[in-house]
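One structure coming up, written as structure tokens, with questions to follow.
Every chain is named by a letter (A, B, C and D) in the order it is written, and numbering of its residues begins at 1.
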Amino acid sequence: MNSITTAFKTIGLIGKYGDPGVNDTLSALRTYLQTRGLRVLLDEDTAKTFPSTSLEIASRQVIGEQCDLVIVVGGDGTLLNAARALASTGIPLAGVNLGRLGFLADISPGRMIERMEEILRGHYLLEERCLLHSEIKRADQTISEACALNDMVVHKWNMLRMIEFETYIDGQFVNSQRADGLIVATPTGSTAYALSGGGPILHPTLNAIALVPICPHTLSSRPIVVSGDSRIDIVITDCNHDRAQLTSDGQLSAGLLEGDHVHIRKKERPIRLIHPADHDHYQILRAKLRWGEKL
Amino acid sequence: MNSITTAFKTIGLIGKYGDPGVNDTLSALRTYLQTRGLRVLLDEDTAKTFPSTSLEIASRQVIGEQCDLVIVVGGDGTLLNAARALASTGIPLAGVNLGRLGFLADISPGRMIERMEEILRGHYLLEERCLLHSEIKRADQTISEACALNDMVVHKWNMLRMIEFETYIDGQFVNSQRADGLIVATPTGSTAYALSGGGPILHPTLNAIALVPICPHTLSSRPIVVSGDSRIDIVITDCNHDRAQLTSDGQLSAGLLEGDHVHIRKKERPIRLIHPADHDHYQILRAKLRWGEKL
Amino acid sequence: MNSITTAFKTIGLIGKYGDPGVNDTLSALRTYLQTRGLRVLLDEDTAKTFPSTSLEIASRQVIGEQCDLVIVVGGDGTLLNAARALASTGIPLAGVNLGRLGFLADISPGRMIERMEEILRGHYLLEERCLLHSEIKRADQTISEACALNDMVVHKWNMLRMIEFETYIDGQFVNSQRADGLIVATPTGSTAYALSGGGPILHPTLNAIALVPICPHTLSSRPIVVSGDSRIDIVITDCNHDRAQLTSDGQLSAGLLEGDHVHIRKKERPIRLIHPADHDHYQILRAKLRWGEKL
Amino acid sequence: MNSITTAFKTIGLIGKYGDPGVNDTLSALRTYLQTRGLRVLLDEDTAKTFPSTSLEIASRQVIGEQCDLVIVVGGDGTLLNAARALASTGIPLAGVNLGRLGFLADISPGRMIERMEEILRGHYLLEERCLLHSEIKRADQTISEACALNDMVVHKWNMLRMIEFETYIDGQFVNSQRADGLIVATPTGSTAYALSGGGPILHPTLNAIALVPICPHTLSSRPIVVSGDSRIDIVITDCNHDRAQLTSDGQLSAGLLEGDHVHIRKKERPIRLIHPADHDHYQILRAKLRWGEKL
């Protein structure tokens, strides 16, 4: 193989954290990219389990400054992580799924080189996915901020009873609820935890946010879908100390106290995903949700 | 009361079809509007049960050509009907609810005159609501067209077993399903039949369409929300003669045969609703769904 | 093979109605049973598509009077049918599934002879499944009766709007509902239509009946499970002529008018199913509902 | 009022823990019961907030040994608590609800004296409700036992991700699940937390146990209802230290480790509730679930 003319001249490589199972795939990618004459930066965390003397090691910040494309090897979780870390850079990400087919990481290892060749030659599908940003206010002080590609979840923590909270959308009171929690999900997150909670599937291009109550006490409580430009405010009205929390993409963001306000908005800048040109969102849905094929 | 300076100079009056129970309200509206020096056209169907010698009688077409505002007295059903009839005109509609509070008809009779005064003075909330348009193709011939403010529903009819159909969004195959049917709902319709079928609540301003399967055989089948600009195609793949149908807003649109294609798109022109200035969508939701108030 | 000593001396054979696709299996069964020295009666409907000069042809009534065991070849639908026809006889039924694995017909054609040998030798699992009996009363006259192994369903028919009905259990008023219908299911039927309607899975041995509303207007309406000995009464309170119906196991039982009372009770005599000795209800559930295996 | 001839000669009084808001009601009950010539034992915990020199103070054990009837003043939570404490005694309990109407505590304070008079005269409805007993086995050692009237819940605790567990019924493998948890509920508990989780309503007299998964990852996972005599085993297959727990009636029972077995069975002895003679379970359901009345 000869060097290639491509818009992606410097490529970042990120592998699943602490998992040497991705090394063979990383190794094949390295060989391929170097043969193609491209500069490759290896994520410093990945380098701990994938030692590579022939690659430049770089922090995520340097990757964010210098790369034109980042390839993530692992699964949706690894890509979620990398996406949040590089959210402010606008660098496109492509994901190689090692386990099962992912909603985000949809390049199979078996066809990886072929797919990479297509992508480098400019034959791919670029998709933008929005992120959520949260801010917790306590007595008018911002005590915590976070961002998420899937969801922000307010839920009970360390406790036995439901929590109580009020929801406001664009300043308008929606309802008071007693529930195990509330999932605020992007279209990307609508096929993750929110789906288990009974939420609808939102198409990735929809400018929308879903609010899905978890085990609500009021049986007529239903998932609500609002504009992606909405301001969502959740006010904790009843929970004892350390009994509610906010998680972003399943990572603990902060403990919540009675009276805390959680403000959630879409981040201005979306992340950009690179898919093979024949990417088919519904085909992935059918596979993941075991809908079966054409009757 | 003296005559009023208002942008709404000619007003159409439409009452619930065949129901003399709306006469007192129509009568009070007539007196008020005439005292205010406005021209009032009475819908010819309404005139059958509300005889009024002091009003001009007009067909819906004339109302559509000459009115600046149409006031509908009845409930959400009456307004739904008027909205479809006047869909192409762009005339704003205001609804007086005689029975229970409506999602669409939200002016209570008790405060009607006060509300109308505010509206005529330009103090109101104008809201656009999109409509769906359906076209049934059989062997490349269009055999039926319809429009709906709430929903288009493909469902079994006269039959004992599920029907089978394929769904396509923007030409992409989504899935094959065996089910009692499929509800394709606007945000307006998301709080109607689609909600009974397990669909999410969509905010009225969201540019989106919900697809909600009715009693699907595949348990992982879930409501899907797509962009309001999507082309939705439903292909009937298995049903015996006269056993599936399309209804639009609960009105029979057409019987469906195996092989029929149902194309559904948003209509370009939305209808326009006039609400009192303090209209609160979530307050109506709380009342209708018995969510209770602040805890 | 020699003749066998077995409690099942006269065996009835019933095939899927009008489907010559079952002939090879019927033929293999005939050969096997005759070699074993057993008397075999062929159902007269089955004989129309499976002509067999070497077999006695018998009506279902004669089969019911003379057989010790009936083998049904087809799927759950065929077995459902045979079970209802033979409900009053107490003859055990065994089902060979030709299409997919069935909840009821669980002997695969590939292992059929081996399974039959075990069954004839007395090595099998005998299971009782209860049936429902319905009676429609109009002005104190019984106008229709039916029986079902899966479910009795009151639902809208030929109509565009919901129906309204009241439900009573053991004479106690439960609720008034507007809905597309109500499924009254046995444990056997809990994995059929009732499951699509959101009902729970009831273990086959549970003495219980599930009431599952279809698309109920009241969002807090939920499936209710009551004792199998309960008297269930459904009173149609609002539906225009010919717009509601009762179906039993998906077969039209009768049209319903406003004021009609539908009485549903468990039949005293259950049917008896014969399964291979290693029959595993949960294994079938996992396969049919695609739950996946042990993680 | 004169002394009364009744089977209930010694009456226990238990009030909501730590809530002086029940004192007026306790006081009215005391006066009434003493006027009727009955011996009254006051629960020692209740005595802390309801000092009463004219009453004998007794531990729950003494109440269990000497009383013929226990009256609980508070709500369903208070009655739940008393029921568990007195579970092995067989003493009937009657509940006065101070807040909202309860499923268990259904005597309203306004008609309390009239109701008590009826009950003392033998005019009441006696109902048995079963309890669950749980046992946690770790490496064949029983490390914890508990009992519950509503439910045993295995759920994630202090953790961000789902837990994984296997379920067995009567020794048969049902499924492996990744979920937030699993609710094992009695008929009594079916209208409590299990209902929020999507479970069915089980009639109180049904001999059944419901298994309701909480936010299951597999979308076709559904509530299952099994015989009340079933042995239920839940094996924790994946959770990090201190990240899953068992709660009984919402009280922390124990932390769970990977490999722990949770065995759940119905307790042999049910508790006995005393209701007014016109007690109507469905009327309470309609009120609590806001089903509305007859249409």
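What we mean here is this: contacts are C-beta pairs under 8 Å (C-beta built on N, C-alpha and C of every residue); 3 or more make two chains touch, one makes a residue touch a chain.
Predicted model only: the values in this text are computed from it and were never measured.
> What is the minimum number of touch steps required to go from chain B to chain D?
The distance in steps between these two chains is 1.
> Between chain A and chain B, two touching copies, which fits better, same or different residues at the interface, with half of the numbers shared as the threshold?
same
> Name whichever of A-D, B-D or A-C reuses the B-C interface, so over half of the contact pairs are the same residue numbers.
A-D
> Is the C-beta contact count larger for A-D or for C-D?
Of A-D and C-D, it is C-D that has more C-beta pairs in contact.
> On a C-alpha centroid basis, what's the spacing between chain A and chain C, in Å?
Averaging C-alpha atoms per chain gives centres 47 Å apart.
> Once you find the CA centre of chain C and the CA centre of chain D, what distance in Å lies between them?
Result: the chain centres lie 37 Å from each other.
> Round to the nearest whole Å and give the separation of the Cα centres of chain A and chain D.
Each chain's C-alpha centroid was found; their separation is 42 Å.
> Which chain B residues touch at least two other chains?
Correct list: 195, 218-220, 222, 289-290.
> Going by the touch rule set out above, what shape does the chain contact graph take here: line, ring, star, complete or other?
complete
> Which bits of chain B are touching chain C when the two form their complex?
The contact residues of chain B facing chain C are 157-158, 160-161, 179-180, 193, 195-198, 214-217, 219-220, 247, 250-252, 289-290.
> For chain C, which residues are in contact with chain D within the complex?
Interface residues on chain C, with respect to chain D: 164, 166, 169, 172-176, 178, 195, 199-203, 205-208, 210, 218, 220-227, 230, 237-238, 280-282, 285-286, 289-295.
> Going by the contact rule at the top, pick out the chain D residues touching chain B in the complex.
It is residues 218-220, 222, 290 of chain D that touch chain B.
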